[in-house]
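Once you scroll down, you'll see the structures, which are given as structure tokens.
Here come two complexes built around subunit A, the first alongside subunit B, the second alongside subunit C.
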Partner chain A sequence: MLSEGVTLRAAIRQVLQSHRDGAATILSSLLALEDALGYIPPEGIEEVAELTHTTTNDVWGVASFYPNFRFDPPCEHTIEVCWGPTCHLLGAPAVVKEVLDALGLANEGDTPDRSITFKFNTCLGACAQAPVMALDHHLYGRLTPRAARGRVEALKGSPAHRR
Partner chain B sequence: MTTDNRITLRIDDREVRARPGTVVLEAAIEAGIYIPYLCYHPGMKPYAACRMCMVQEEVEVEVERDGQKVKEKQLRPVSASCTMPVREGLVVRSANDALRNLQRGVMEMLLSEHPHGCLTCHRVELCGPEDICLRHVAVNDRCVFCPKNERCELKDSVRFLGMDLLSPLSYKTRGLELEAADPFYDRDYNLCIVCARCVRVCEEVRGDNAITFVERAGKALVGTSRGSSLLESGCEFCGACLDVCPVGALVEREHKWDKAVRVSRAVCPNCSVGCQLNLEVNRREKLIRAIPELNAPANRGQACYKGKFGLEFVNHQERLKRPLVRRDGLLQEATWEEALAYIAERMPAYRGAGFAALASARTSNEGAYLLQKFARAVMGSNSVDVDSNTRPALARALEQPLGYAAATNTLWELEQSGCILVVDANLTEEHNVAGVPIKRGVRKGARLIVIDTREVELTRYAHLWLRPRPGTTLSLLGGILREILESGLEDKEFLAAKVGGLVELWAALDPYTLEVVAEATGVPMAQIREAARTYADADSGAIVYALDNVAPLEQAAQVHALADLALATGNLGKPSSGLYPLVRGANAQGSADVGAAPDLLPGYQRTEDEAARSRLEERWGVRLPVEAGLGLAEALHAAASGSVKAMLLLGDSASYTSGELQDGYEALERLELLVVHDAFLGQAAQRAHVVLPATTFAEEEGTYTNLERRVQLSPRALSPRNSEARPAWQVLCQLAQRLGAKGFEFSSAAGVFDEVASVAPIYSGISHGRLVREAVYTLRPDPRNPLPTQLVHSDRVSRGLLWPCPDAVRAGAPVLYADGFPGGQARLMPLPEPSVLSATPGEFPFTFVPGRVLAQEERDVAVERVGGVNHIRRDERVEMHPMDATDLGLSAGDAVEVTAAGARLRGIVELRESQHRGVVSMTTLFGELATRLQASEDPDPMARVPLLSIRPARVEKGVR
Partner chain C sequence: MTQAYNSLKQQALAHQRQAASRPRVRVGTALCGFAAGGKEVAEAFRQQALGLGISATVSEVGCLGLCYAEPLVDIQLPGGPRVFYGNVGPEEVRGLVDAHIRGGQPQWDRALAVIGSSFDAYATALDDLDMMQGQVRIALRNAGHNAPADLEEYIATGGYAGLDRALSGMTPQQVQEQVAASGLRGRGGAAFPTGAKWRFLTGSPGPTKYILCNCEEGDPGAFNDKGILESDPHTLVEGMVLAGYATGASDGVIFIRHGHDGPIERAKKALEDAYRAGLLGKNILGSGFSFNAEVALVGESYVSGEETALMEAVEGKRAMPRFRPPFPAAYGVWGKPSNINNIKTLAYVPEIVSRGGAWFASVGTERSKGTAILCLSGAIQRPGMMEVPMGMTLRQALEGLAGGVPGGKKLKLLQTGGPLGGVLGADQLDIPMDFDAMARAGAILGSGGIIVADESACAVDLTRLLMAFCQYESCGKCFPCRLGMTHMVEILERICRFQGAPSDLQLLEQVGASMAAGSLCGHGQLGFNPVRSALRSFGDEFKAHIEGKRCPAGVCTGEYLTPCRSRR
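Let's look at the complex of A and B:
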């Protein structure tokens, strides 16, 4: 466990090191970490506090403000379904219901086997293709509930997504 | 004082005068006009979050009506009065229906998340805890079950706004658990109204950032990083958040449910900062809470863990109530008559050098004055000192170069300093509130240089932390001094006009070259250069020092070196500069002022000074001993060797076992007569022949002089029941009279002080009467209006008087030496040869350097809850040089055991190239100490907070 902690910390330091050249703020540092690791571990909070000369409490204040940060490792795959206005009008609610049903979830969250994380997204930027969802950051548009379920079922057994 | 620059504005048809730069809300508060507010708090920047203090500006505009131009009054849109600056001619309305409706709307929103069944009920004042509520307000939701019930600002505002019974009574229950596992605080965030006062005070005033806002929108609340315990979040348990909380969310755990019937002001007895506290007293005459006074000059509304939570000793059940006399080897209860007779019978035999007296760190000026008068006039001995005075040179060594043995400037000037040099001092733990202006100064741009081998809290804020090898601070200071002079950074004009001794100093500094100093101290040359430049270049440079871990023989030299630094750079006699000796003990400064020192008569007149002595002899009507007596260390030594046979102690002292003296208690055991006047049967009292019960600071009237020379009056706050305890001045009077002495016929502490003022020139203009008279009204409450509860305490505040105070008209000088030095010139003191450190191989080949900080961001901390109490669990790291580790056959990550002066510490080896050879250091968390203090069985644990002392040590391989 200890050795894992050490390597994680080293990885965090590396991410922050390469990020340091720009104007490092608490938020930009957290974003850099989230991008690199997919989540913000406790060590990440500590290291960002060090880098930005603040305290872990300040960093946590920023981090906990944004629902898009996660604080535990993400699952192997991520599904984001857009529920922005356009997607909503063009059938997102039915897609959401179908996807949740396929995953056995009631709301945003991780499947019990930790294979898939389900998130809502307020806009995936592809309104012309609505309704849209993203599987591991790949966009799929003009979805029907059936098509969405098919994509999700296909994703279930596929190898873990690499960042 | 200066009212001429005040601005005139009108609030609700009342003309109000306000200081420029303030806001409308502050002007209203000062004028006694109540505008409800919840997030504003004096001493913090306006925040405008609660939207309660809304007002409207009234303007006159020209409008055309029937073709004619007429002037008409119009109201501008509403704005928050806490962010509306005052300006000449401003007209403000705070009390119209539109505003009230707006405020009620805001309040309804706040109440939607706060239990409010009682808040809006007309029976709120009538119901008691056992009453049946016809409205079925749940027990947990009732105001009578809120610890802040009688001091809730939300309640004040609700009642002021005349909120109706809200129906239904439902509100959003957060369902959060009470946070009660951390020391001293109970936090119930179900009651939080998210006004941000606590978060802001922690950041803005204390500079700790130990709490923050977490989450957002409907879920936003106050919390810590990942919900961690305060033990690891960087909390210093100063209680500032509790003091500003307007509701019951943050409260002191001790006496949580007790209601105050009375509030009395007192000066905190726990260190020499001299914080004024508002002591809340319940109907059983118990001290239940201490709330720092907002307008007190030394603390400005701040306190610390010792002041907030270290006064419980006053209520302790083990307090001595009656005198004890040793009969048949046992201390047995006696009457005052018997006890005084016992002493009077035996004491005269020890007249002369065989007698010594020690005042306690908490003895008032009156007690200390009479103690030295008793020792000198009655017992014929000059051996009188203060039991916390383990470092006699601390302030006294300033006398020779400058003139006065005291701090040169006042504490809060540090906030405006350009550069602050903190030398061998652990402010956060020992003079906590003195650290507040320093941290605030750093925020405003001051450069902070810390010189300390130990890692202490202030090193986190330091721009430059010089970490000399243990025991080499003097060399380092010599190096900095030489660097200043050599680089021409000195203040040549100041030196030429006001200072002598430059040639001698130059000669003495010859051996302190950069190379030699860097080699001896292990501090890189670049850092020494930078420190010299930073301090010398600052517009105003202040030096704060405590002589922690400085060898007794080097203490005077180190103070001289610091005085030289200040003199050479012209940092004396002007604001925000100077020297601040952090004297140890609440009234150690005052005790020395009034003559409780072996070589000083009251007012720093030498015992050898023929003229001064004969003046006093005439006044007291006795012959006085000439030669200086024994100080604290010598007196204990003499007691151990048998040359001092009788002692009179006022109070016990942590110094007797702190390691700075040898074992003091062992010395006391050898005395033929030991009289102890103390509130507890402490270690000293247990060895005494007679023990006299003492009142505490809260039960007696007295003056205390803080480290900035401020004489403050602490009135009697409590009248203990069923106790025969008496204040020191009274006991000394009775004892002296029994011994047939004249000049002890005092009936009050004020009378004693008048005599002090008449014999000590520096106190001439000070009297109890003047201290009371010159209290300033900071608030003129309008009795018809409800007041924000926490401001009620701030009605009348004495700002104390600074010495030297020559007459009853002038105030004392905040800055000493502004008009030159008493001797005409100050004197640069030559430094001794740099001492050569000799390695001490043998049993303890290493030097152990402890450190303690509030938080270590880079370290994982586990907090374990044992029996409902949080404890820190982590592997401590023992930092050592890689070569030392190799010599011991250790490598990084190995378990080691460090044995230092009896204590055994375990840790994990961490290798550091920057570590000095032969030094091992370990930095622990303050949270650990806080847990320990909270759990302590000691009746007065805050008086015995362990010092971070550097000790010889042995390092061995340990087992994991």
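Let's look at the complex of A and C:
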């Protein structure tokens, strides 16, 4: 994360420098920035274009294609709920509903206080434990709506997650 | 045997002998074990052992396939049997450490299974578990047994012997002949003969040529690619170097979706260790053959698993398929000749080279050799991962190994081979699992994912969900796919809201036909499969929604929240 006194642009350069092993591509650079900052600021787009000898237009083209990227600073926590067919069959819709309700959200997005982001995931890879969700990349399976709500409530107010 | 390999092997065996003098605890922490709480259980074992001053090795292992029993733990005392305990909670750990490790008393009444022939009287032998019956474990031979990030354990259990054999006594041509003789066909979906594919690359000019390993695994319901990466990544590394040697390639890229941290970390560690041991890089095992490999991450995109889209993503662009020709063997990633194989395909190669193509070809059916690596999930007693000979019937796998549908309910449908694969009805269970028989039945074996739905599911609702996935994941390059998928989702949504018209079924057929005819890649070409196969087996259910304005299963309420591409 950003340490005190370092400008955003300097931090971005630092991240991109340390990821230059092998062929740095637009995508690999963007993923490295997303991992380090949790989002892609406009300065990030510019720096990636410079590093990869492309235009900001090229970089936006890639950044807007993959749903990994966000373009404003991240919330403290992320919740991903699987909507894959196995999870769907075993009760994901009720889990989604309960989690959204606990967050006061109607769909994907950030809570108004910007503490938690809710996202769908097409398959978290633990289908045998369906329904599954991930809180800050920690997987929880065999969920009931009640258990899911309990996890979400416990997440609220817990210290911010950093990768 | 090369001298270099011999010394690696001696080191590895010494390391194993030393490790065997301490109690060992294995805890499954692949994605399924993780989701069941395996990481917490492993941590509890470490804490308890530390607290009691016991020196035990706690290994986080991959997936044995018994996902229904996760968190799965096995404990082995020096010279003793391996005793498996299923569904272990962190609160039980203290008792197990105390009784089994400190007290030397396995808790037989709590045990799920055992490995150690003289202990069969106390617990079921692991191989006698219903879920293990009839399995032939080739690609999964080490999964759940070996510590995945431990090169020495891999070598001590026979790893890199195939590579050593090839480099010390076989020409590239001979390696290729063995792979051709094995009858191996690609496990990424299209079932193309691997030997033939490798010949294309061999004929292309070097010096820079790529072996790409596809671990994108975007199919929901499939977790065997990630399972191999997490359980035994060196099998893949060895298979890849062998593919490089056989085809004269210089570079390998392992392609994994960003976000699956466990599989990514284990793959990276395996590469690092292989480099350090001289199993990758320059002059491998002193043979003069050199090969480099790295991991490339891709953003979330299902279509990035398509071979030409994958090459675009490796180059850092949008994962949109290319026009063919030129084919990858002539013009692949960075414009260089490339070969793309699924990780399962490559994971078979070390054993094929070690034991011979004819041995591999002795497993399976006439035209589908070897094994099928299945991921069973959904309404099934024992969800998990299994490796069975090609030709086993769906019924045998689902009812025999996995225990059938739980709760006294009836099986309704199977969704196989990923969202594009199609659905099968309960009357199609006697189909043998091989590429051709499955295709004749209107489904595909594909990646090996099998999702089971019982009678409480609605076939129309599930079809709507599968099409929503396909729409969400269309890369948008060609309009028959991009708009066709969107149109089909709209139609299916209105059928699910009981606002469909009888003409909607023909409309679906029409849109599907234009998608099949006018799409660039398999995503659009096969995108009608889920609808077509559901209409064939469950036409009455569609009619009930359209004409009767009701959902026989009571699932459709008109209310659902499903992401759509427009959010991008």
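Definition applied: the second predicted complex is superposed on the first by the 157 of 163 C-alpha atoms of A that agree within 3 Å, B and C clash if a C-alpha of one lies under 4 Å from a C-alpha of the other, contacts with A are read in each partner's own complex, and residues count from 1 in each chain.
Keep this in mind: a contact is a pair of C-beta atoms (placed from the backbone, for glycine too) under 8 Å apart; a residue touches a chain by one contact, two chains touch by 3 or more.
Computed from a predicted model, the values in this text were never measured in an experiment.
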Open item on the list: Quick check for you: in the superposed arrangement, does A:Gln14 touch first (subunit B), second (subunit C), both or neither?
Closed with: neither
- [ ] Identify the partner contact of A:Ser64: answer first if only subunit B is touched, second if only subunit C is, both if each is, neither if none is.
- [x] both
Task: Between subunit B and subunit C, more extensive residue contact with subunit A - done: C
Open item on the list: Looking at A:Arg142 after the superposition, I want to know if it touches subunit B, subunit C, both of them or none. Which is it: first, second, both, neither?
Closed with: second
TODO: May I ask you to decide whether A:Thr55 touches subunit B, subunit C, both, or neither, giving the answer as first, second, both or neither?
DONE: first
Task: Residues on subunit A lying within both footprints (that of subunit B and that of subunit C) - done: 61, 64-65
- [ ] Over in the complex, which subunit A residues touch subunit B? Could you list them?
- [x] 5, 42-43, 45-47, 49-50, 54-61, 64-65, 71
Task: Touching residues (chain side subunit B, partner subunit A) in the complex - done: 208-216, 223-226, 228, 233-234, 855, 857-858, 860
- [ ] Provide the residue numbers of subunit A that touch subunit C in the complex, in ascending order.
- [x] 22, 25-31, 52, 61-62, 64-69, 82-86, 88-90, 93, 96-97, 100, 107-108, 120, 122-130, 132, 137-142
TODO: Enumerate the contact residues on subunit C facing subunit A in the complex.
DONE: 31-32, 34-36, 39, 67-68, 70, 217-223, 226, 258-261, 294, 296-302, 313-319, 375-379, 383-385, 415, 419, 449, 451, 453, 457, 462, 465-466, 469, 472-473, 475, 560-563, 567-568
